[in-house]
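In the two complexes that follow, subunit A is the common piece, with subunit B as its partner first and subunit C second.
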Partner chain A sequence: MKAKTADKLATSIIVAVAAFIVLILAGLLGYILFRGLGHISFDFLTSAPETIRKGGGIGPQLFNSIFLLVLTMIITIPIGLGAGIYMSEYAPPNRITNSIRLIVEVLSSVPSIIVGLFGLLILVNMFGLGFSLFSGALALTVFNLPLMVRITEQALKGVPREQKEASLALGLSKWKTITSVMLPIALPVILTGTILAAGRVFGEAAALLFTAGMSSPRLDFTDWNPFSPFSPLNPFRPAETLAVHIWKINSEGLAPDAAQIAAGASAVLVITVLLFNFAARWLGRYMHRKFTAIK
Partner chain B sequence: MQPIAMSAKDLSVSYGDSPAVRKVSLDFAAKQVTALIGPSGCGKSTFLRSLNRMNDLIPNCVVTGEIWIRDQDVNSPSTDVVSLRQKIGMVWQRPNPFHKSIYENIAFGPRYHGVKNKKKLDEIVEESLKKAALWEETKDRLHNSALALSGGQQQRLCIARSIAVKPELILMDEPASALDPVSTSKIEELIAELKQDYCIVIVTHNMHQAARVSDKTAFFLNGEVVEHDLTHNIFTNPQKPATNDYITGRFG
Partner chain C sequence: MQLETSVQSLKMGTEESELGGSIKAGSGRMLDRKNRLLFYNRSFKIACIASASFVCLVLFSILFFMFRTGVLTFRDVPMATFFFSTDWSPENESYGAFVFIFGTFALTLLTLLISVPLSIIIAVFMAEVAPKWMRNLLRPVLDLLVGIPSVVYGFLGLTILIPLLRNITGTNMGDGILAAAIVLTIMVLPTISRISDDAISVVPRKYRDASYALGATRFQTIFKVTIPAARSGIMYGVILGMARAIGETMAVVMVIGNTPQLADALFKPTSVLTSNIVMQISNVPFDSTWNNALYMMGFLLLVISLLMIVLVRLLQQKGAHR
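And now, the complex of A and B:
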């Protein structure tokens, strides 16, 4: 009887805690969406911000966020995959490998403002990259890379040993086994993880304040030459992202509708991150079905 | 008497400090089936996995002694493991087809080993599936996922996959123990067929199976070969008391 009571009590406490967390999340999300959704329009998403007048948009910031994400991914995915493959398949199980693993873990938990200041010192000043998308992408790589390495390593470790052995026993080289047998099986997990990591990059602000900068040049969306200083595609121009923009107009915005703009931008940011998450789940499930599947 | 396809001399395997196989010497004749029997943990699977150096994958697994395939020393550091493994097919306890189509499962190996011609690959796929008695069931859905096949079909596909790279011998690690009786008897028929071309070494827990499919049987106990003889002799007239105890079901 006593065990039964304890069981019931534990169950209700756990349910209560879970409900509390869901409630907070739902409340937060609901509040952000409720305040911001009304402000979102096509015009808001595409037009440039205004400094002192009403009616500014977040077009360049949205573009910057997406472009910065793409740049970060271009840097992280190859390095992360390579390092993950090394850690999972090539690294001998010894002290050095373990310390590499530890360093990677630590790297992913460095506070983002520290990464931002480090970026300012090393990338912006020492290497003279200036406030630029490229500096920002490198700073974001610092967070993203450890995630990418860990995701890849764990995804490969999750591949059944028989699959690997079957390929090796056919006389295939290790590299061919990894690329043709193991990676396809690990791909859904890697992809899901990558998209989730992308969501984090998309919302990052602190690391970008001093690397990608807090301003954007007047972008000319008809100029697609990546070397022109006003081209949106130029990776060496400063670029304020959506998250940084929200922070900036909230703290020093002069436009009379700054509060609404911040609310709208926050809603856009939250929706985008949510989309990333749903996309990751959907894609993961889709690929799992496709690879293991009956049809 | 058939020529020797592969032989092990004083082969010992240990995981860290614990020995799993102690000084085992066995010869495997071409076009013959040799069954390795013995209780769980007696080292027969470990021995089998040493023959194509699969144990390389296991950290701190130490193999000493010699294994000869023709005039090639399997354990020599200068041996090219990749080309060695091509000569030795392997089939596992649980069917493990690649997560690819039926066609790709078989074409994968030969293509890697240099067969690029589509027609030639088609031929290899058909021939391998026919040899594995799977052609009739799969010829209309070669490009469907191999994972949609039943367990028994998957296992025959794995056998087809291993013979597609033209090995000289095939190692089977309890190939039927995860299958139903009908699939099991199909695998056994298949082994009898394949024996005409290959040397087969099969680990099995099923003594009836060993008696049915094999020409010679080696009885393993505690990492050593207690008795190695013609299957008929082992099952009707074992020389060692331990063998007799095992085959009559007194332990194991």
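And now, the complex of A and C:
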């Protein structure tokens, strides 16, 4: 009888605690969206921030975040794919391969502030890139690369052995087998993983504070020449991203509506991450259905 | 000599075998199909090897440059002072980092004290108690929470938690190690509970059946059979959460107060390794002792996170042997 009472008691405690935590987490998510959504408007998303006056927007920051993400992906995807293909298809199963796998794991757990410090030391000062989008993209590459390698490796490992053997049996070379048979099959998994990794990169701040910088020059959105210093497309200008902007207005914001701007920017950030997640799920399911002919 | 040539032909053999069986011999011209294919295959392989080497190079250069810059600190500051002195006032040339090292460990410990029991309860709830539809709803939500940027958690801490704590204590003090630990708990909770949930879910059904057959209640089964059986998976989640808590910067820096004093009370503005680096690195001259000391603190963080991954590896190997 006593054991049964204990069982009932424990179950209700578990349910109560779990419900409490889940409510808190859901409440926080709701709070960000609810509080921020009121402040989001087309004007807020497109106009430039104000330093002292009310009514500044986050236009350049949003643009910088997206541009930086694109730059990072352009650098990361080829290298990540290459290293992942090596790990899964070429690397012999020995000690060296195992230690490369350990290195990838260690690299993915390096705290982002360390990536920022390293970027400041090497990219900004030693290579003389200064606070620029390009340094930021390289720092984010350090951050993103191990994820990409792991995603590619696992996706290729998941390709059915028969597909690979059928291709080799037809007389295709190894390179052709990998690029024309295995990569297309692995593509849904790789894409889903890449989008999720992109979501992580989008919200990163600590690695960018000292690489992409904390300021944004006045951008001229009519000037699309990538070499002009005021062009938004110039990769060698300093660029403050959305996440960095939230930090900056919280620590040194002078505008009277700084709290609202931070709330709005947080909501934009969270919504973007949610969109990335949903897109990844939907795309993964869609491609799986398309490739496997399951209704 | 003969051995060498046979090794040579063996190597050639592996290269050519990658081409597949359709090509027996080339026409002998410079750029015939065989040579072209050989070229593509070779360059593709080299590109892949180069990418993998690049990944390794990145880690080694991080380790090397952080160490090389950090170790310069000890030119001007004795090692014992750096590690054990609590006096951090770079303006007066005293560089004691003990406050930050202690702060990092205290914060991580406090975070784990709060988050591990809660995470395990949530994991048990999801894996054992909750109905299936709820499980299918909660798992994606927790996965989603893992992806929320840390700066947003910091902002939430600043706007909700700090005023709340000020109300509770009734003073002006809200910033401090407790606030940071609560924010970090919310951040690492989804990580730890999802991994523990997976670990509990894969415990074989027969273990539970055997326990029930012996007359144990569900509560007894969960705590005496299932959780011990899932122990190494749960440990894996805890260490990953710990690594995240130690390296977390943006969320912590917004609620911890950023004052270099020893964290001997829950509500006392203090500082940890990460927050101190972020607050000070932009104001220091390059090549100064101050700058080097900050890099040394970064190197310490790096070593700690490296050790944790090695620990995770050992745990996984142990789990595989059992």
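What we mean here is this: the second predicted complex is superposed on the first by the 270 of 295 C-alpha atoms of A that agree within 3 Å, B and C clash if a C-alpha of one lies under 4 Å from a C-alpha of the other, contacts with A are read in each partner's own complex, and residues count from 1 in each chain.
The definition used in the following text is that a contact is a pair of C-beta atoms (placed from the backbone, for glycine too) under 8 Å apart; a residue touches a chain by one contact, two chains touch by 3 or more.
Only a predicted model underlies this, so the values are computations on that prediction, with no experimental measurement involved.
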Query: Is A:Ile114 touching the first partner subunit B, the second partner subunit C, both, or neither of them?
result: second
Task: May I ask you to decide whether A:Leu168 touches subunit B, subunit C, both, or neither, giving the answer as first, second, both or neither?
output: both
Message: After the superposition on A, what does A:Ala205 contact: first (subunit B), second (subunit C), both or neither?
response: second
First, second, both or neither for A:Ile185, with subunit B first and subunit C second: first
Message: According to the stated criteria, A:Ala255 is in contact with first (subunit B), second (subunit C), both, or neither; which is it?
response: neither
Task: Quick one: classify A:Ala83 as touching subunit B (first), subunit C (second), both or neither.
output: second
Message: Let me test your reading of the model: by the given contact rule, A:Pro93 touches which partner, first (subunit B), second (subunit C), both or neither?
response: first
Message: Once the two complexes are aligned on chain A, which partner has more residues of subunit A within touching range, subunit B or subunit C?
response: C
- line: Contacts of subunit A common to subunit B and subunit C in the A-superposed view 168, 170-173, 176
- request: Going by the contact rule at the top, pick out the subunit C residues touching subunit A in the complex.
  value: 18-23, 37, 40-41, 44-45, 47-52, 54-56, 58-59, 61-62, 65-66, 69, 118, 121-122, 124-126, 129-130, 138, 140-145, 147-152, 154-156, 158-160, 186, 189-190, 216-220, 222-223, 243, 246-250, 254, 274, 277-278, 281-282, 286, 294-295, 298, 301-302, 305-306, 308-309, 312-313
Query: Can you list the subunit A residues touching subunit C in their complex?
result: 3-4, 6-7, 10-11, 13-15, 17-18, 21-22, 24-26, 28-29, 31-32, 78-83, 85-87, 89-91, 100, 102-107, 109-115, 117-118, 120-122, 125, 142, 145-146, 149, 168, 170-179, 196, 199-200, 202-206, 209-210, 214, 243-244, 246-247, 250-251, 259, 262-263, 266, 269-270, 273-274, 276-277, 281
Task: Using the touch definition up top, name the residues of subunit B that touch subunit A in the complex.
output: 52, 54, 57, 59, 82-90, 92, 94, 96, 98-100, 108-109, 112-113, 144-145, 147-148, 158, 161-162, 165
- request: Could you pull out which subunit A residues touch subunit B in their complex?
  value: 93, 160-173, 176, 180-181, 184-185, 291-295
